[in-house]
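Note that chain A is present in both complexes that follow, paired respectively with chain B and with chain C.
On to the complex of A and B.
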């Protein structure tokens, strides 16, 4: 599905990503872990076209996505859920969701897609005519994920969805994510600081350190290897 | 605004509650329908009726001024969409007015096309110029964009001096207003044309605002990254907003010089461009009803400041300065009293009255979205939608068995 090969990104003289390679598969959650400044957000921003890479390639279903504009990557079915709950605060909940349906959903089906999202997040339905600025943190996160799902994506790129959420809401969010990614359907790349909850749902984990992939393994390995956890994840 | 999750006192007084119940059905019936096309058509007809009554009851000079107000309403409408909805700034809208004005004058001079064609071509040429400016503008952040558009407003008038043989140099070109039918005074006929154009343009803009393009405009204004990853072409959206806005300014410029009978760059000084921006904020950025307040201010403020300076018996030079600073002072006061502009203030008062008369139409909405965007910027659109929401919910409540 997503194939990243030798990806390097530079911010001036700083190497944000250095020769990163990994794969994301349909129906699987690949989590990207690492400390602050390890390059996790940069990785996602590069994959969604917001940052230009310096070397290497990323391809989605055989189509090269590095060098493409963000909206054209979104059109392919890669939905980026930006960090910090990027809702369009001035639009209503409903409008935010409808915004997501513009690119990949046919006119007649848009209403149905939005209704599907309300099925999944009933709280959003109750507040659908409120401006997104009035939502709580957890609701905003639901809305952003909802908007990303409204694109009918094939791959979700999630940037720290648990940031600032309570443990219960985080757990619910992870469970939802797990429900969404099954079979050979939606795949996800999950960037997280909260390694414990990310590992609890992920199928594959990579750890970034100073822009390099230092570990790539099954989540079970982290459970088994205390040294590894202490060294890179701090618990 | 003082919306709170619970409205203390709303249910407290039993007599007040009874009164509200009696008034509510009537008050609800007075609300505009939510369907945009129907809603805007009704506003169009109401506006046309109002202006008809207004124009037939005043003298020729007032007709001229009303026409001028209509023209500025068009220009401000375009600017309001650009700044209020899309978050881009332009200090150079006078330049697009110049383009529209000269296009009309040149068409009248060299061709024999009808008035409608002249106006359409003027708007299209200005819109094309807007697209050309919009492409680089889409890459600039607001302060730099203000600089670029300012240069446009400063630089473009120099062309008329440079190519005097085409543009008539300092003297400019003359225009002929359309002949009035029957016994109608030419001023009144022209005012009607200008008012008609203004209403049509504002209805079109209002529909645009409610369309998916309008949502894209606001999304881009609010969060470019979120808009881009939702699949919106950010740069194209910005260029579109600029094009629409410049087209409105071009049409306004063309209509304006029909009244004045002459086109020269002196008609469109830099202060006009800045005045337009100030008037737009004064009326309420993003509000298509507010543009009328801004337009009234643009037309009448010089008159008022002149009479004020006569009243204070100031010298001529002091009077000239007063005229310039008067608008600034009014704008500052307006922003202190109502940061959402005149229209925002009116809406606020209206909502307050509405609540006292009709009571909460449905479950009270904490932090009513009609108030304003979280950053305190006014939003006509949010207000319209809040009203729509209330109506939608009412309809559902009523249709429930």
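On to the complex of A and C.
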């Protein structure tokens, strides 16, 4: 599904990503872990076209996506949920969700897709006509994830979805994510600071350090290897 | 009393023109975050296109529609060729470009059509209507002018509020990056915003031309008034532009009627200063969301 090979990104003289290679598969969650500044957000921004890479390639279903504009990558079915302030605060909850459906959902089915999102996140339905700026942190996170799902994506790129959420809400979120990614359906790349909860749902984990992939393994390996955890994840 | 009513009525008619200019300024400011100083000059240029057509025997309405279409094309072309390449540069750069465009358009218009003042025909009679037994300072043409601008404002409000295209345009203006991640072709929508804004500017140009001495510079003063209206209305909402236009128009008419027409531009600048000092977000804006 997603194939990343030798991806390098520079910000001036700084190497933000250095020769990063990995894959994301349908129905699987690949988590990207690492400390602040390790390059996790840069990786997602490069995959969705917001940042230009300087070497290497990323392809989605055999089509090269590096070098494409963000809107054209989104149209292929790659939905990037940016960190933090991804809601459009000036629009209502309903408008935010409808905005997700414009590209990959046929005109007649858009309402039904938005209603599906309300089924999944009933709190959003109660506030559908309110400005998105009135939502709590947890509700905002539901809204941006709901909006990404309204795009009918094939691959989700999630940047720190647990940021600012309570442990209970984080657990619910991870359970939802797991439920969405099954079989040969939706795949996900999950960037997380909260390694523990990300590893609890992921199928594959890579650890970035100073822009390089230093570990790529099954989550079980992290559970088994305390040194590895302490060294790279700090717990 | 009759004088007061006449002043008020002429203020309303003028104010509607200011509103059309303010609406165009607001559309551009909202989409691409800059003030288009060429807004008036672009309207001037397309009105001269209508003037050329009229002098070749084309009917008023075909020429009117052609000028609006030319405005849309000119707006789109300016956005694509002059404004888009400056994306990501300091906001002052495109603003300076629009000032340059203003000078170029006026120069080119002068060399094609000459720097002389002429008359421009009105669609309807410009003689005041007779109400009861008195003739008021409001003509059939003024009625048309008010209706045209109200239709424009209602159409823009409807576009933004009730259509998928309008929702995308708002999203692109508020949050271009998130919109692009959702597959919205933000660049095209900015082009469209410029096209709409300059079509609105063309409308203003066509409506003002019969009321003033028609030369390559006739829109300069209207841009100042339109800018005052836009700032007063908060630059963000079409309804704000309408109210800002009316308030500015009536204020200018009162100054012209009771103090003297020479003081009108100064009064407009004083109003502009006052608004910027007392309520910089305008009557309809919210503090903190303005980026001019």
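Side notes on the structure shown:
Here is the rule we go by: the second predicted complex is superposed on the first by the 234 of 235 C-alpha atoms of A that agree within 3 Å, B and C clash if a C-alpha of one lies under 4 Å from a C-alpha of the other, contacts with A are read in each partner's own complex, and residues count from 1 in each chain.
Throughout what follows, a residue touches a chain if its C-beta (ideal position, glycine included) is under 8 Å from a C-beta of that chain, and two chains touch if they have at least 3 such contacts.
Bear in mind the structure is a predicted one, so any value in this text is a computation, not a measurement.
Partners chain B and chain C, brought together by superposition on chain A, clash.
Shared-chain residue A:134: touches chain B; no touch with chain C. Annotation for chain A, partner touching more residues between chain B and chain C: B. By the touch criterion stated above, A:82 is placed in contact with chain B and with chain C alike. Using the contact criterion defined above for the overlaid structures, shared-chain residue A:164 touches neither chain B nor chain C, since it reaches no partner.
Shared-chain residue A:104: touches chain B and chain C both.
Among the options 23-31, 221-229 or 383-391, the segment of chain B that ends up inside chain C in the superposed model is 221-229.
Taken together, the two structures place residues 48-50, 69-71, 74-75, 79-80, 82, 86, 88-91, 95, 98-100, 102-104, 147, 151 of chain A in contact with chain B in one case and with chain C in the other.
Of all residues in chain A, only 48-50, 69-71, 74-75, 79-80, 82, 86, 88-91, 95, 98-100, 102-104, 147, 151 touch chain C in the complex they form.
Residues 164, 167-168, 170-171, 174-175, 177-186, 289 of chain C touch chain A in their complex. Listed in rising order, the residues of chain B touching chain A in the complex are 212, 215-216, 218-219, 221-223, 225-234, 365-367, 369, 373-374, 379, 382, 385-386, 388-389, 392-393. The touching residues of chain A, when paired with chain B in their complex, are 48-50, 69-71, 74-75, 79-82, 86-92, 95, 98-100, 102-104, 129-131, 133-134, 144, 147-148, 151.
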